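Chain IDs A, B, C, D and E follow the sequence of writing; residue 1 opens each chain.
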Amino acid sequence: MTVGKVVGTVVATRKDEKLIGSKLLIVQDTEPDGTLLSRYTVAVDAVGAGVGELVLTAAGSSARQTNSTKNKPVDAVIMAIVDSIEVHGEVLFQK
Amino acid sequence: MTVGKVVGTVVATRKDEKLIGSKLLIVQDTEPDGTLLSRYTVAVDAVGAGVGELVLTAAGSSARQTNSTKNKPVDAVIMAIVDSIEVHGEVLFQK
Amino acid sequence: MTVGKVVGTVVATRKDEKLIGSKLLIVQDTEPDGTLLSRYTVAVDAVGAGVGELVLTAAGSSARQTNSTKNKPVDAVIMAIVDSIEVHGEVLFQK
Amino acid sequence: MTVGKVVGTVVATRKDEKLIGSKLLIVQDTEPDGTLLSRYTVAVDAVGAGVGELVLTAAGSSARQTNSTKNKPVDAVIMAIVDSIEVHGEVLFQK
Amino acid sequence: MTVGKVVGTVVATRKDEKLIGSKLLIVQDTEPDGTLLSRYTVAVDAVGAGVGELVLTAAGSSARQTNSTKNKPVDAVIMAIVDSIEVHGEVLFQK
């Protein structure tokens, strides 16, 4: 999974019918301490994440393993909201 | 999913029989504000997208989850046309 | 899908038994106008492509959706031969 | 598979229900001799790995082939703990 | 598929039970002429490859389509040993 920050939203009226009701969020990749990187992806939200939160995103076919994304044409899903990240015994991020 | 702009079309007479009738579009990756990047992909269109429109593309096995791509040898599908993108409370793109 | 040019062939006598009879081609990635890039892949040919032709390659599980690659351990398939590519109304490639 | 070192942990209370009980570890990619690279991923642990150990990570749908990750929305799993790595007849890493 | 050279082995006693008996090899990516690149992967051997041989590796779910990798948590498999590679009519590699 990839650590990233929810930074925005995408509105799309015309879309595959299976996507109706899916919330599309822009997630920017981060370092484990929350530092923003220059890569981003658009992911479907499966856990009620909001702008500003650090999240985990699963990609590929794994993105279709949640109840809200099953059989849908989506290749990225937010499946967890990060509370804290600890690296080498040091807390790098705390919500 | 990846944000990109439809910039062109591919014509291919000789192709796998499952691809007959599929529209093949060239999609160039963009930043969330629509700025063109130097990467591009060829995707099957599932939503009636046209050249110049900002779209979302799903890759991998997820590209086969639309009615128009099921069981076909395609690894990228346009599954939404972007109306607007908002990042950090600012509208970066508006159709 | 990726646009690329067939530049060569691979001979492999010792291989997984499911691959017997599959033609293995070296495909070099190109820009939409056919300009060669420095990336290449080895793909199974599903459409009778030859060295020098511009083709589309599908990757991942999608590479196994043709009759000639079903259930085989291959992650790239040539599924179309490009006739022409048009970007922003200009013909960049014509066979 | 990718060789990496377990360097930390992620705590996430709010997550997809299928992830309850899964241990989420931060794995930093390494060279075969254990030298740390600047890429990292978050993986589910399937073998009882601990911080400081060199491990193998499987990505994509393959990450869902262990008993602890089946049908879960996870795209990376630690499926082996490395004892030793030998390259060109030289032992580069020994636990 | 990716062309690479088998350069080493990985020993892992503690691993997912489905991996018992699988040979884990380090494969370094190469140019079509066998020149080593700086990328490498760990792959399961399905064809009896040895250190020093040029091989083809299939990645992702396709890596699970051989008899020796079916349903296993592995994302890379060596599925062919290269005899020769010819590019633009010139033999770049000959075993």
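Note that in this section contacts are C-beta pairs under 8 Å (C-beta built on N, C-alpha and C of every residue); 3 or more make two chains touch, one makes a residue touch a chain.
Since the structure is predicted, the reported quantities are computational estimates derived from the model, not experimental observations.
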| item | value |
| --- | --- |
| Distance between the centres, which are taken as Cα means, of subunit B and subunit A, whole angstrom | 20 |
| For subunit B paired with subunit E, centre-to-centre distance based on mean C-alpha positions, whole Å | 32 |
| Two or more partner chains touched - positions in subunit A | 60-61, 63-64 |
| Contact graph of the chains (line, ring, star, complete, other) | ring |
| Successive chains around the closed ring, taking subunit B as origin and subunit C next | B, C, E, D, A |
| Of subunit B, residues touching subunit A in the complex | 1-3, 32, 46-48, 56, 58-66, 69, 77, 79-89, 92 |
| Residue ranges of subunit C touching subunit E (in the complex, touch as defined) | 7-16, 18-19, 24, 26, 40-43, 51, 60-61, 63-64, 71-76 |
